[in-house]
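Both of the next two complexes hold chain A, though its partner changes from chain B to chain C.
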Partner chain A sequence: MAEFSTAIIDRGDVSVINVSGYLDAHTAPTLESNFTELIDNNKFKIVVNFKDLAYISSAGLGVFMAYVEKIRDNAGDIKLTNMNEKVYNIFDLLGFPLLYEIFSTEDEAVNKFNKSDKVGNDESK
Partner chain B sequence: MGTTNLNKSEISVKSRTENLSLIRDFVSSKTSDAGLAKDEIENVMLAVDEACTNIIKHAYNSFPDGEIVIKLEYNSDKLLVTIIDHGSTFDPNGIPDPDLQKYYRDGRVGGLGMFLMKTLMDDVKYITVPGKYNQVLLSKRIN
Partner chain C sequence: MTNYTNLNADKINILDNIQFRLFLGSSGALLVFKLLFSGSELIVYKLVTDLLIISAISFLFLFLMDIFEKRNASPFSLIMNIGILNAFVFFLIMFSDSIMSLLFENVNEKLNNPSLVSTIITLAYILLIVGFIIYVFITLRHLFFFRQSGSQKIYFYTMLVFFVLASLTAQYFGANELSFISDTFMIISVLLMLLNSLRISWIAFIVKKEKIALLVLSIVIAVLFIVNLNNSGDATVHSKMLSSISPSLKEFTEIIMLYAAIYFSVLFFTTLFHIPTAEAFDRKAEEVSSLQYFSKLITQVLEYNELADTVTDITIRVSGANASWIIWREKDEFISLANKNIGFIDSNLLNKFILRKVDWENLDDTIFLKLSDIEVQSKLSQKFRAMAISPLKAHGKLQGLLVAICKDDKKFNEEDKNAIATFSDYASISMENSRLLEESIEKERLERELDVAREIQRKIIPEKNPEYEDLEISSVFVPAFEVGGDYYDFFKISESKLGILIADVSGKGISAAFIMAEIKGIFESLSKTIENPREILIKANDILISTLDSKTFVSAAYCLIDFNERKLNIARAGHCPVLLLRNDTAQRLKPSGMGLGMSREKHFEDTLDELIIDLKENDTIVLYTDGITEAKNENLDDFGEKYFTEILLESRNKSSDEISKKVINEVSMFAKNHSQYDDITLVILKWKPRHSEERGRDRQKIKLNGEKEWQNSAQQL
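And then the complex of A and B:
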């Protein structure tokens, strides 16, 4: 029985979803409910950390496609981090690096959100 | 495929997504001695997962008690996975390769699985006998 679990950690106003195990058509609804919950709570700055993800199928990739537009419409983004080579290759085959920012570390992704905020503030002066 | 040293295995599961892990374990354990590299075995595992996910969602329309039979055979040259279902007929030619930018604009997510299958395997074939069964044949050369 393959296992999949998620844990959400707040880092300032950025929400980090840590995904672990096997993400397939059976387990994708768990991640979908995480996204729904964050969106319902107006949390649109989302980092997904793949450090403990062993496997992903297209059903898992579809979750990111399903929510990214709504999140970007609300001045947020989904940024992806810490993918192992196997998981990255699947994202790459489907052209995801063109649509999503992928970082080596969670800190880089979180900092990118904070940096964008500063740019936004500067522009509003 | 020739019959020299042909290795064959078969599993039958109900059309439920909870069985995907069982299907992947079957593929990985039965191909471990086939002479494929680890990443090639993982690619076959993913392609079979995608084929079965499509069968569960589309051929059986999420009906949980349909039957999926997975037959795996290999010799020293080639690995062949045959996946059989008795769900509704499906025309793979009606599914274009995905245009991710278009998907993004339209909020659509389908078609990715079939694209992955075609990319990860050397050959993907569909055989349908309407009202009887559908077969997906996935093959990979063994060097």
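And then the complex of A and C:
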């Protein structure tokens, strides 16, 4: 099938994974290795930007399921942004909006992380 | 040496050999003849003696030839044997004098006037000498023909004829005015000996070590033959013993010994001249044999790593390097492979150096590098001095680098460069072939696995649809090549209730098939105790959350039709919406719910809704999997839910079978230029109550409630 690629950009302590192309059973390992790498480096605040994603299969969806528990156990989260309608529908059918925070822009997702940090810090004070 | 012992081993059935028997017969006849007519000076007597000797020699010759032919001995071992035998004969001749003197008081007297004992001893001695001479002759013949084309036969056999002529004539004409005849034969014989001794082409094919050994051996043997020849002068007992039986035989043994002396002298000088080029020749021969060996290897099924090991092994052999390994490109990383005589830490260190130093991307030929160029002096650069790097390319793309490394910086030369280059060309092709082979084996394995998966899927999907008078049921299932994990089933809960499940396992192939089988088991058993779709899905999630791995989930929709109540109850766990065709509209029934196996019990339960609908006559319920809506055409456009709904609405007044047929036709038309990637499942239910009038009126109230319920959550398309 068509190509798939990812790029990781750090925005403060939030890591943004930009995914593009076709995410299916054959290309999922690329994204999996991205998540493993981030987790190994103790980066648990992850935003996945779907702006350039054309298609996602159920195996692609599985990648998010595989890592979310570990990330949340470490006070992190996976937030999803910039989905086109088709991609959103796939996520929606499966009930992902019930499990993940989905934003329309990357900034919103990053801000949400920062805000919750602040709240967390305020609380600790 | 070994051949010598083999000779003994062959003697076990020696007596069965017809030629050996004839030889014994001739020898016996000779003995009897000698005893009967001793001392006769008649020409006839001499001729008969010679004939008997010739026949004995011929039979022994044929017998020994037979043994020789069966054994394919190397020239070197043959010469070893000659050396040993020669030494033995040397002592035999030397001590023949003293031994005979010990046995008989007057040897000369005895020989001229032989007794029975002396004749037997003389004959035995002569047979030993004859055996030796024949052995030498056969060996020389063997060496002559070794690695020689067939046309040379004539020279050798002409020589043999002249040997015999010279031997015979010496006796009969040697002492008178006709001696020129035997002299002529003798001269021609010697010339032919010289000519034939020059055919020593096999010398080139033995290795240097053997050449040096041969040099020593050939001179020793040549000297021994000369000494033996010298020791068999007319005055010696040896000579007298031979002459007493047949002067021709004595002549013949001398001719053969002369031939041997000449041959081994020539051999000595030839070997001497071959020594300087021996090493280069060895190298070339090694190269050729390595390549032959390698080409033989690659035609066999070889495991990839095993092949890489062979490649580095042979590289060391052909180039005389001390260590070798392969730098293999895996995606964008370079790894050391098949290290020979070098550790991975060292090779990895050198890899970095090589990759920095060499424009490997455009490397076309073998290049040399000096390790003294390494910026950081290390133990490595002291240990190794020079290296040769050769690209391994397949289809024009660099696969890796073959590295050979050497302790001596003058070691690598142009020859080595060519050897490594030739070899690396060969190696890259074979490694690529091996990789392709492994891939195709893997592919075959996957295909077999998929066969199993398809078989499982075929068995767990219902063979036929249940039949009801009030409900038309139609189902279509089109499996994808890579089993997509679709599953549907019907559960007859009671006479008046039917459960319908449609599910899609994430992932493909054999693992998806196993999960499908698990789902079937779960729903088969749950549907026996639980009627409510929502509750069934909750229970199924409870079970699946602990058995599915974290990235696998199952989307499912479960419908319950109550024939008495005329109701449809739907719960949906992350599956495509259920479509309801009523009048001219299609409604998406999409109660909230996430896929099975995605979230813990409580969260799943909290977010799962159900939908209850009162069925009306001609209501058509459509359950499907994303194999339909995500079917693709050549432009990778989706078939899409919108188009799907349009087709459904167009054919809504037809029977359920006709509707599903229409849909499948449309999907296959749409996707005809694109391979089917996912399973396609379509289940269509059409509500056709028998007594619609009365029953419909009875249920008026409930229907109204039901409509309210689904209108809240269902979108209208």
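Just so it is clear, the second predicted complex is superposed on the first by the 124 of 125 C-alpha atoms of A that agree within 3 Å, B and C clash if a C-alpha of one lies under 4 Å from a C-alpha of the other, contacts with A are read in each partner's own complex, and residues count from 1 in each chain.
In this section, a contact is a pair of C-beta atoms (placed from the backbone, for glycine too) under 8 Å apart; a residue touches a chain by one contact, two chains touch by 3 or more.
Here the structure is a predicted model, which means the values were calculated and not measured.
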Chain B versus chain C as contact partner of A:Ala75, first or second or both or neither: neither
First, second, both or neither for A:Phe96, with chain B first and chain C second: both
Which superposed partner A:Ala7 touches (first chain B, second chain C, both, neither): neither
In the superposition, chain B vs chain C on chain A residues touched: B
Which superposed partner A:Ser58 touches (first chain B, second chain C, both, neither): both
First, second, both or neither for A:His26, with chain B first and chain C second: first
Chain C-contacting residues of chain A that also contact chain B: 2, 25, 58-59, 61-62, 65-66, 69, 86, 93-96, 98-99
Interfacial residue positions of chain A with respect to chain C in the complex: 2, 25, 58-59, 61-63, 65-66, 69, 86, 93-96, 98-99
Complex contact set, residues of chain C against chain A: 504, 506-508, 549-553, 555, 573-577, 592-595, 598-599, 603, 607, 636, 638
Chain B contact footprint on chain A (complex, rising order): 1-2, 22, 24-26, 55, 57-59, 61-62, 65-66, 68-69, 86, 90, 93-96, 98-99
Interfacial residue positions of chain B with respect to chain A in the complex: 17-18, 20-21, 24, 39, 42, 46, 49-50, 53, 56-57, 98, 100-101, 103-104, 107-110, 112-113, 115-116, 119-120
